[in-house]
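See structure below.
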Amino acid sequence: MGDFSQAFQIAFNLLWSMDVELYSIVYLSLKVSISAVLISCALGFLIGAALTVFRFPGRRVLLILFNALMGLPPVVVGLMVYMVLSRSGPLGVLGLLYTPTAMIIAQTVLITPLVAALSAQVLQELHHEYDEFFRSLQLSGREKLMTLLWEGRFGLVTVGLAGFGRAISEVGAVMIVGGNINHVTRIMTTAIALETSKGTLSLALALGIILIAISLLVNTSVALVRSKAKEAIYA
Amino acid sequence: MGDFSQAFQIAFNLLWSMDVELYSIVYLSLKVSISAVLISCALGFLIGAALTVFRFPGRRVLLILFNALMGLPPVVVGLMVYMVLSRSGPLGVLGLLYTPTAMIIAQTVLITPLVAALSAQVLQELHHEYDEFFRSLQLSGREKLMTLLWEGRFGLVTVGLAGFGRAISEVGAVMIVGGNINHVTRIMTTAIALETSKGTLSLALALGIILIAISLLVNTSVALVRSKAKEAIYA
Amino acid sequence: MLEQTNRTSTSTALRRCKPLQFKDVVLEIDGVALIRQINCTLDSSGKTIVLGPNGAGKSLFLRLLAGLMEPTSGAITGGLEEQDGLRKLAQDTGAPCMSLVFQNPVMLRRTAFENIAFVLRHHQVPKHEISSKVDKALAIARLETRAHVPARRLSGGEQQRLALARTLMINPYALLLDEPSASLDPLSTAIVEDMIERADAMGTKIVLVTHDIKQAKRMADDILFIHEGRVLAHKSKRAFFKDPGSKQAQAYLDGRVPQE
Amino acid sequence: MLEQTNRTSTSTALRRCKPLQFKDVVLEIDGVALIRQINCTLDSSGKTIVLGPNGAGKSLFLRLLAGLMEPTSGAITGGLEEQDGLRKLAQDTGAPCMSLVFQNPVMLRRTAFENIAFVLRHHQVPKHEISSKVDKALAIARLETRAHVPARRLSGGEQQRLALARTLMINPYALLLDEPSASLDPLSTAIVEDMIERADAMGTKIVLVTHDIKQAKRMADDILFIHEGRVLAHKSKRAFFKDPGSKQAQAYLDGRVPQE
Amino acid sequence: YAGAQKSIIVQSTTSTQNSGLFDFILPLFKKQTGITVNVVAVGTGQALKNGRNGDGDVLLVHAKSAEEKFVADGYGVKRFDVMYNDFVIVGPREDPAKLAGERDIIAALGKIASAKTAFASRGDDSGTNKKERELWKMAGIDVAKSSGRWYRETGSGMGATLNLASGMNAYTLTDRATWIAFQNKGKLKILSEGDKRLFNQYGVMLINPQRHKHVKSLLGQDFIGWLTGAKGQAAIASYKLKGKQLFFPNAQKMTH
């Protein structure tokens, strides 16, 4: 089956020819997903830490809820954000539908539960270790929370990468709220979906290969920064 | 915008009316995703543990690779599996395309890297703690690996749930290899996508609500089993 | 050698606290009574040494005292617990009510230097003073050369010294120490004992768990003997070593199994 | 009290090992020499007690000896390392070459019972014998009543006893102990010392790190004094306590700072 | 303000997008008017729903009765015919149902049903799907009974359905434009075409600015005017792929 090798060939040619259109699509993909991941990490890390540090009624229920929301289908997220941002929706006046902002919102909604649930897991292990120490120092909740996040920094990087992976590969939500408009809201995954529906499978696969290459690049950079931080020595 | 409340209404009515078609779709969703998750966990846990326990050249590269593959786009996975299983593909003779088996294969390919990368993260923390102990007992690689998996069982449950979340919510891959064929390969997410494209957004959202409810149910059951295992006491 | 901060005056004020009192304290975990019944009163100053076999409940006793665990029944009163004004003061000046040095040193995933700086930062020590105070603490713990080593890579004794120096920096009104010299070399043990004596001289309440009977003899004002979750003796040092008051305590001191 | 298995004959065979020898051993981590240069030979039996200040490198020395760390330069030879036939035998019978009890007990996330069973299972002990052997080990560690408590919830001393009992079960040819009685009560200390003596009597090589000079005096055949990553003395007990051989060792024993 | 880009959003279907028509005519329109047209290509039903919600300025689809209802309900201003093409039946080269050359679509469907060879239906209520079901009804065949057996409802767009047909060697009904542009034909080829009943009309309408104030009615009118006017019609006619014309302009002369 020559499809695969053909796809690699096309991917290589595309990259090599410095296709401007391809680069702008790649750029938008990264912009949307990285923005969404940064917001999701800000929110999700805090949620994960708060669920770990604070004991309050409903805490366990919330933990289960966030675990369950890891299974939020992108299409459903897309629909919900669509309904809110639609001209006849509550935030319709903002005119955000079919803009990159809408895509960032949708991806943020999608990934935040994942980041929250996984970081709660990472931080709980640490909390076992530090809880009594923190309490003996009479740290406030906020102080505990920030300290825990810092102590868990190495594990949280992987959580962030999982969030990034889900964001950059996601198509259902951005398709609905972004509309896959050429030159405006087209990103790698929606382009892949479009090419697939055109039956140009090799091109679709080529785009997929490029997307994975980007993902590899991002992960490699993170890994390099991380190994500079001497994870193994501190942990 | 009444869409939301309408969606809840429809979801409730659907569940209440014991719609046979709905139940068979739910059943297939669960069957496919749970099968995929079980296989992915078997593979991913082993990979994660192997990457943690064994030191070999290329280990770090593999770790980065699996982290990057968390960003594998479902559509691309779908395409690849499609090309392999297609009548003109290498495994075409098996006639698996457009069957639940094909969907399980696609989801397995999609989730295994996620499970592997996250479990490597969970297990590395433990490995720090146990490495010298295991070596002083002269455990074989296999023994180390199995022990590490057992010691990490509580953290791995969350990893498995993340995998389940991704599987049950995924639509791009199963759509391509399953074909969303009514009564044969239609599952919750593909049904949602279909209703969305029909513009029956409330019904789509209702199905989404049911899907999240199922996800909640699964997570709650897991949480109950888990709290019976007295996680906090052992960790 | 103990860091005498300019907060000494506040600290002295803080030390005007009530005796610490256990009233019918019971602690059950999973239905098992680990602290069966403890009644005792600890003076608001002086050095109380807690003795007792492994698993007697000494560490749990300290945790209860420090308010890290809630008793299943009974109450622990005294200290600054009931005096809201003072407790507020304690929080404002950053001096915690009590300070516990755990049996297993808890090390943050940072350097030795940062481990100490962390504690100072959370006790309202002005930013520009932190670095010099940390250096002093490191000198006390004789860890000057290990300042920038990740704390979790330090040797067992080094970690224990770091944990102790870290706690002393915050000038607590009561210092609870769980086997602080268990893995210290003789010199470090002497220095630690000296530091504790100085804290005592400043009016800090000391509660120290140890298995080192020599140490108990050297340091104790009063001795509390715990056995299977009960206080079997609470006497002055002299009285205790003259008559431990129970065959369990006698057996403990002799290093043998109590006879029926 | 020490578990005398029916594998005694094999164990004796295993114990026909060469002296353990350090040749110009240097260990650097991140460019810092932690073990600066160690040359020494440990007899293939007898009790070697390792003394030295905190951070001297005693635990690193044990790790190197147990093969858990590779020296940056130099070589560690002897034991069963070079005798492939015997090493194979050791693996077949499940007796490891050496066995190390760490300074901080490493507890599996299981019950006390399961912690011991785990070690047995990995040393080819037949299934039907495991339960009774575990019970014996628990009795040795006086943890019968704590058998089904998660190990990480045990008290400090209980964990230390569990770790030791767990290791003794596998009947090693050399037993490396890192401050095994640091947080034990006097009775447990006596029992542990007794267990070590019995292992010694069976021909097991003992290497024991301690800060308890009394213990060293009671137990040592020979004493190895480590200071700042160097062996400053390796003498028989009598010779060492008569003349420690360096001002550092003398200062260590006296619990004071070495004078220039 | 000056320099601000003039742009409108057109809600349309995947078939117009997949055929490459927009990529060909929109740059021409932009060159002539300076207006950027942003196309959101979704399922017909979704396009209509988005239109009803006011998420766009212009609607261009091919489901005449639904479009007329859209206008009648007051969501659209006025519907104009734009162009047409036709539907064809494609199927495996081996042609197990012996369809080749059968011009009569009803007879062709009958052959498929009696041979019980796999037929992929979009099953998504799109214009194409509605047409297909209408044809089965005319042929007197109750496909619902065979759903899941030889009659496969894919519940997805034309492209996805063609991918499926190609993957399982099934027959399917597709519009000619999508088919010509489609790249993953595999062993499929056109087996039945030319029946008058396979006519496929596209219509365009402005979303009602009285309902949705933000609708850019002037720019939208410009686009509709251009599309149905001489220049647009010529542009549509001149779009060819592999030497074949995909759409045939048939707008009534429009005045504005």
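Letters are used for the chains, namely A, B, C, D and E, taken in the order the chains are written, and counting of residues starts over at 1 for each.
The definition used in the following text is that a contact is a pair of C-beta atoms (placed from the backbone, for glycine too) under 8 Å apart; a residue touches a chain by one contact, two chains touch by 3 or more.
Source: prediction; values computed, not measured.
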Minimum number of chain-to-chain touching steps separating chain C from chain E: 2
Shortest contact path, chain B to chain E, counted in steps: 1
Chain pair showing more contacts of the two, A-E and A-C: A-E
Homomeric contact chain A-chain B: same or different residue positions, threshold half: same
Interchain centroid distance [CA atoms averaged], chain B/chain C, Å: 49
Whole-Å gap separating chain A and chain B, where each centre is the average of the chain's CA atoms: 17
Distance between the centres, which are taken as Cα means, of chain E and chain D, whole angstrom: 80
Shared-contact residues (touching 2 or more other chains) in chain E: 42, 50, 157, 160, 163
Junction residues of chain A - those touching two or more other chains: 86, 88-89, 196, 201, 233, 235
Touching two or more other chains - residue numbers and ranges from chain C: none
Pairs of chains, among all present, that meet the touch criterion: A-B, A-C, A-E, B-D, B-E, C-D
Chain D-touching residues of chain B, taken from the complex the two chains share: 129-130, 132-133, 135-139, 143, 147, 151, 153-154, 230, 233-235
Chain E residues touching chain A - in the complex, by the definition given at the top: 9, 14, 17-18, 23, 38-42, 50, 53-55, 157-160, 162-163, 166, 181-185, 212, 214
Chain B - residues contacting chain A, complex: 1, 3-4, 60, 63-65, 67-76, 79-80, 82-84, 88-90, 114, 117-118, 121-122, 125, 128, 155, 158, 161-162, 164-166, 168-172, 176, 188-189, 192-193, 196, 201, 204-205, 208, 211-212, 215-216, 218-220, 222-223, 232, 235
For the chain A and chain E complex, residues of the former touching the latter: 86-89, 92, 95, 97-98, 179-182, 184, 194, 196-201
Of all residues in chain C, those that touch chain D in their complex: 52-55, 58-59, 103-104, 146, 154-158, 161, 178-179, 182-190, 211, 213, 251-257
